[in-house]
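Working notes for the structure below.
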Amino acid sequence: MNQRTPVRLPLALWAGVTALLLVAPTLVVIPLSFTERRSFSFPIEGWSLQWYERFFTDPRWYGALGTSIAVAIGAALVATVAGTLAAIALDRARLRYGWLIRALLLLPVVVPQIVAAVAIFGTYLGWGISGTPLGLLLAHIVLAIPFVVIPVSTALQSFDPTLERAAAVLGAGGWGRFWQVQLPLISPGVITGFVFAFVTSLDEVVIAYFLQTPTLRSLPVQMYSSVTVETDPTIAVASSLMLVFSTIVILLPRFFAARRRRLLKAKETP
Amino acid sequence: MHTSARWSALLLAPAVLLVAICFVVPIGSIVLRSFTEPELGLATYERLFADPTTLRVLGRTLLVALGAVGLCLLFGYPYAYLMTLVGPDMRAVLMVLVLVPFWTSLMARTFAWVSLLQRDGPVSALLAFAGVPGVTLLGTAAGVMIGMVQILLPYMVLTLSTTLSRIDRGLLTAAQSLGANRYRTFFQVYLPLSLPGVFAGSALVFILALGFYITPQLLGSPRESLIAQVIGVRVERLVDFAGAGGLSLIVLLTTALCLAAAVLAFRPVRAMLGQGGDRR
Amino acid sequence: MSKTNQSPGAPAATLQQTGRSVRLSGLSKHYGDFAAVDGIDMDIRAGELLTLLGASGSGKTTTLSMIAGFTTPTEGTVLIDGEEITRVPPHKRNLGMVFQHYSLFPHMNVRTNVEFPLKQRGVPKAERRRRAMEALEVVELAHRAQARVTELSGGQQQRIALARALVFSPSVLLMDEPFGALDRALREKMQMEVRRIHRELGVTVVFVTHDQQEALTLSDRIAVFERGRIEQVGTPEDLYERPASLHVATFLGESNLLPGTVDGGVFVTRSGSRLSAGSAENGPATLVVRPEHVRVQPATGTGAGIAATVGEVVYLGADKRLVAVTADGEITARIAAAEGYRPGDDVRLGWEPGAAAVFPG
Amino acid sequence: LSGCGGGGGESGDGSQLTFASYGSEYQDAQNDSLLTPWAEEAGVTVTNDSPTSYPRIAQMVDAGQVTWDVVDTEPFYPVANCGTYVEELDFSNIDTSQFPEGTWSDCSIPFAQYATIMVYDAEQFAQAPQDFEAFFDVEAYPGTRLVPNWAGGGALEVALLADGVAPEELYPLDLDRAFAKLDTIRDHLQFWDTSSESQQALEDGTVDLALVWSGRAYEAELNGSTFEPVWQDALLAWASLSIIKDSPNLEAAQSLIEYAAQAEPQARFAERQPYSPANLEAQPELDEVQEKYNVAAPEVQDQAIVTDVQYWADHNDEANEAWTAWSTS
Amino acid sequence: MSKTNQSPGAPAATLQQTGRSVRLSGLSKHYGDFAAVDGIDMDIRAGELLTLLGASGSGKTTTLSMIAGFTTPTEGTVLIDGEEITRVPPHKRNLGMVFQHYSLFPHMNVRTNVEFPLKQRGVPKAERRRRAMEALEVVELAHRAQARVTELSGGQQQRIALARALVFSPSVLLMDEPFGALDRALREKMQMEVRRIHRELGVTVVFVTHDQQEALTLSDRIAVFERGRIEQVGTPEDLYERPASLHVATFLGESNLLPGTVDGGVFVTRSGSRLSAGSAENGPATLVVRPEHVRVQPATGTGAGIAATVGEVVYLGADKRLVAVTADGEITARIAAAEGYRPGDDVRLGWEPGAAAVFPG
């Protein structure tokens, strides 16, 4: 009954091609970051660590990294709090215009980034916050809010509302129910939202490009400028570092989950 | 537990105010400029539609977005399907293969494609090895499409795999017990059940593809320019905010129209599946 | 041999207390035009186990929910030990509650689930732990205190939910179809458990079910709900033997219904058989008789009764169900497993005059 | 993060100035050769911003939130926006006779000059092409041609010159004729948006002929490219310095412009970057390769064509719309 | 009066046919070292309703799955009407199958669900529709033909699934715990339905359940599974009255178990009571007696028997369950509802010698 359908060879092969397409960029930038020449050309003739040295000694690069991380953490924190609260409100109060508010909160995903960038740049300039950390932060918060609202809403959908009733009848007041029951149970959604928000900010180029100043330049903008203004393999270093970083971030929890599964299995079979 | 209207307003306030003030106001004001500059009226739109570039690039953008949707389905569906067939460990590996690029900076990936697709680059070499020498994909439509598909594919796979993993495999067994062979089981049962996921994934990929800027900029030639780049030129080269605002509105309306059309076209499917309200 | 009913003496002592009474007075809940609960008056005595029994949608959950405080009554009051609590929020009512789907907190382990209500009441940690372990001993799951709740079976989860509802010594315990999700065997076991705990702790229990067998097995008294109203309240025996209405008679236990007319103390079936009608008034009526009261005799036997042919005999282990086809339709009887009737046999059906009830309509 | 942005109207006491240019090493060199020495002398704190952005200037001035003072732009910009987005300069302390004719305007001075030139892959073609006709001769010089991807990049002028238009009759440009000429080699064209792309292409040898900036050809040669320049009809261009309209530090800005017009800073800059001084008095010390690409050299100046900034100031939008329409089709 | 068993004549006619026999011979399924099914031999007669009954994990589903063709046996053969089909793929076996979770196609409506198997067999559209409607009439849901399956209740869904499994006139119908997800009342109703349809259509039915009551109610014969093997096959009466093993005795129906020793035809309980042991061999043994066979008499009465005290009396409507505490543990008896024993009464328990069985161990 619950037997697995045998996997057909063509399917596996096609998935292999797809996987290759997905990881091909990873396979290429890492060697490129160790190139000796100031060039992106293949094949790579000599190897060196000079671009890594450059990345960690040139304030433009490590400064951009710092800016990106600082802004991403800030944006993710604010977006997570605001987005989670909004998702909870939308989930509970069956508001008459709930769908409209939801649509509004999701708008930043739908609007092409160049449009957002131009508009935000113009308006923020008028407010005097273009080119300030606050401006970039606000833009990234807004951009990240949908990425929090979506997973938190999903988590809330699978949250059994009778658990809240149970908590109430057991003596928990409003705060107790929120902190001790609801929040812990939707926390996977909230954490996913935070990670999404963080990565969204870390990855955003177009708006950050318009809002940049020499002292407020995110890593992706630095990379973009680097490809367009000068031939600088340091971008390969930045790419490799981000690749390795994101791979570790994704793999670690999975690795631990797999290990725990294996341990549990080992315990079950005496 | 029910929440009072005042409480929910309080909870909604931060997010709604942030989005409204920091996002909707700017978008609104730039769109407004397209109607007020140089004077009140539709002059900007007359100008934009008189320019042959607008419609041509808009049409191209729609085609490219559709192409991206098609290719993402072509690669993503079998991949997501495979994920439902394999064991948990293999599934985790397949998932990581999707997530790693997903979490990797868009700049990094686009840049990697520049290196991969350049003249005499790895892809060229691979094609030469396969017997097709002298092909350079950088600066071609194919190059742009490859880059876009790679960037968009994770969205498709993630959306699809959620739907596919929820399909009750018991239904496939049932279909076989009722006399359907493998292919009929797939086409008459599995595929129709996966359509909501196909639709959701396609809509997502389509919307994202419409706004692509960096990738065609770096991987394509002017002939592959998409609407976002044309908007970029209007702003940066021509300092034409009204025109950019007008184009933005055109893009937004096109997006909305396409989505509405798709939703209408798929209504029978949704109706059959009884979407919505199945949780609570 | 099953376990004897010796309860672990010590733990129960802490949890033991005198249950309190609940009075519902003129209680109604309207949703728009629709009355989910329609002016209920009921006294639930301190320490009794009262079951709300009724078909789906009859308003049982709504009533319980008003006692618990999740639903605000449209009209009427809820009193506990004479004190009105109609508008007190649920977390201040100090009632225990067990839900159909257990509603254990999946992010806590067994012990912390049980400690939860004590934590809300500011009980210090050590005391909390001690009392939680005692409650777990009452439900015989102290050895799983550290387990994750998702690792437990349905029956175990429901016992944890029970321990959690009891640990803060609520004076009233509300249970909404607590065993609806369990399979038959487990369900019967849990019913025994609830009987035992109720007896030991003396707590007032309001139990919701739509399973009449469960209601009969468990209750001190049963309140039968029908469309938002209470049709009859009484002991299981009252309801089974002396139903106040046709609906109660058919809802509780299996019944044979014979339509006919009462004419001067005689009940005449449609096909013309004449049976005793007791004190029923003249007019169209329905005669109700339980299968276990139907006596089956070979057709050769004499005596008043209804002529019938055996249609189907189903072996049930302890006894058999015999379906007899008469001129007035099918009549079901419960017969001893040893009796050898086979489909097609001609038989004669009868019952003691007091065993049948006649209702108008 | 330091206070580079912030609301407008800060200071105004002349002790500070914001300079906007194109960033990276180019702007570093500007700082070393020009801004730092001037700032020391004038006692002004300089803040740098980048990159130069026309919409940003427009928004600043329109919003009355001007945070930039002196800006490095393309030559047409100050001419097109003189008095609207950039301030008119006070020429009483500037000697314009040092600059090549047509490189300064009421609102700008040139700081460095370069040329848009044709380069060819010497390994590919034994016979060196002589003029722009070769660029359009795909029979004699087969291969891919790289051109700048905007109207003012020089491709239009080159097309008309190759089509037989005399240099002195070049302006106003006959756009239709230019595009028709370009269409003859449309399938052999590649485009560059940023000069680093062009340099990369020369180094990688992914094209065979190219229209590039002389400075990038120089850099490519240093990195081992096999491309050689053709100086005939080189299109002269230059980096323009001007003052943003309503600059909060007008006095300091004027002082910087006056300093930048002098020979010494321009010479220092030319030694650092592959640009030549616009002030022909300047005497930079150049090595052999730098000398090869020295646009200020008389023999280059003699055969070069100075682009008509007034034309570009008047027709930039129109030409660019036409260019976009042509290039994206 | 409940509906008489007159089936709608016409539709059944089309679906009627002679069921075929199924023979399992030496059938095994190993998963690694573990034998999920371990060498089963069984003849399922044409047209009979055979139930596979057993605890969870005993191999019932695996056996059914090998008959259906979803699982390939490690050893042994499956024959239908003498023809071997062990390696025929499922969609060519022409067996009907009903699953626990209905497995209706949510993207099709009721009628197209039922038409599905006919479509697979290339039946033309008009014919398909006609036969689907007939099958829906058999399950009394023809009026919901256009409904979306998700709009139907669990019981209705299961009836649709039944119609779908029957519409192509399979000669054998396999059902894997089809009513496991339904509540008690619905479940009993569906059992009646299956009995009726089985009788009307004459199809061979293999029915899997772990509910002994269901097995007793439904089956012509029952096969009791235990750890991948068949312990006993027989009619419900055979199994209930003449269980072949202690396991079968306890698995089917309620039983009292008394541990003790057999010594020369006498069964001695732990506390020393001496009871008849029939023909059991000497050695440690367990005496099994059904509650309905336990006779309860006041302690004043004379006669051999076990002295006991009444512990609990539960009113069950038709009768009462009396739990008596003896020196050998609790013994449960079913007594008439009219009898008035109360907790604390001293009683004497006894049974007919033939009513108890003694098993070694």
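For clarity, chains are labelled A, B, C, D and E in written order, and residue numbers in each chain start from 1.
FYI, contacts are C-beta pairs under 8 Å (C-beta built on N, C-alpha and C of every residue); 3 or more make two chains touch, one makes a residue touch a chain.
In UniProt terms, the chains line up like this: A = Polyamine ABC transporter permease; B = ABC transporter permease; C, E = ABC transporter ATP-binding protein.
This structure is a prediction, so every number in the text was calculated from the model and none was measured.
Undergrad: Give me the fewest steps it takes to get from chain B to chain C if each step has to go to a chain it touches.
TA: The fewest touching-chain steps linking chain B to chain C number 2.
Undergrad: Please name the chain that ends up farthest from chain C once chain centres are defined by their CA atoms averaged.
TA: D
Undergrad: Given the contact rule stated at the top, which pair of chains has the most C-beta pairs in contact?
TA: A-B
Undergrad: Provide the C-alpha centroid distance between chain C and chain E, rounded to the nearest whole angstrom.
TA: Chain centres of chain C and chain E, defined by C-alpha means, are spaced 26 Å apart.
Undergrad: Between chain A and chain D, what is the gap in Å from one C-alpha centre to the other?
TA: From the centre of chain A to the centre of chain D is 39 Å.
Undergrad: Let me have the rounded angstrom distance from the C-alpha centre of chain B over to the C-alpha centre of chain E, please.
TA: Roughly 54 Å separates the two chain centres.
Undergrad: Hunt down the residues of chain E that sit against at least two other chains at once, touch-wise.
TA: 70, in rising order.
Undergrad: Touching two or more other chains, which residues of chain D qualify?
TA: Touching at least two other chains: 55, 193, 204.
Undergrad: Touching two or more other chains, which residues of chain B qualify?
TA: 1, 118, 120, 170, 173, 235, 241
Undergrad: If you look only at chain D, which of its residues touch chain A in the complex?
TA: Within the complex, chain D contacts chain A at residues 1-2, 4-8, 22-25, 48-51, 55-56, 59-60, 63, 65, 67, 193-197, 199-200, 203-204, 223.
Undergrad: So in the complex, the part of chain B that touches chain A is made up of which residues?
TA: Residues of chain B touching chain A: 1-5, 7-9, 11-12, 14-16, 18-20, 22-27, 29-31, 75-76, 78-79, 81-82, 85-89, 92, 94-101, 103-109, 111-116, 118, 120-122, 125, 146, 149-150, 153-154, 169-170, 172-173, 207, 210-211, 213-214, 218, 227-229, 231-232, 235, 241, 244-245, 248, 251-252, 255, 279-280.
Undergrad: Tell me, which parts of chain E touch chain C in their complex?
TA: It comes out as residues 1-2, 4-5, 180, 183-185, 211-213, 216-217, 235-237, 240-241, 252-254, 256-259, 290-292, 311-312, 314-319, 325, 328-330, 334, 337.
Undergrad: For the complex, give me every residue of chain B touching chain E.
TA: So the residues of chain B in touch with chain E come to 168, 170-171, 173-181, 184, 188-189, 192-193, 195, 269, 272-274, 278.
Undergrad: Which part of chain A faces chain C closely enough to touch in the complex?
TA: Where chain A meets chain C, its residues are 160, 162-163, 165-173, 176, 180-181, 184-185.
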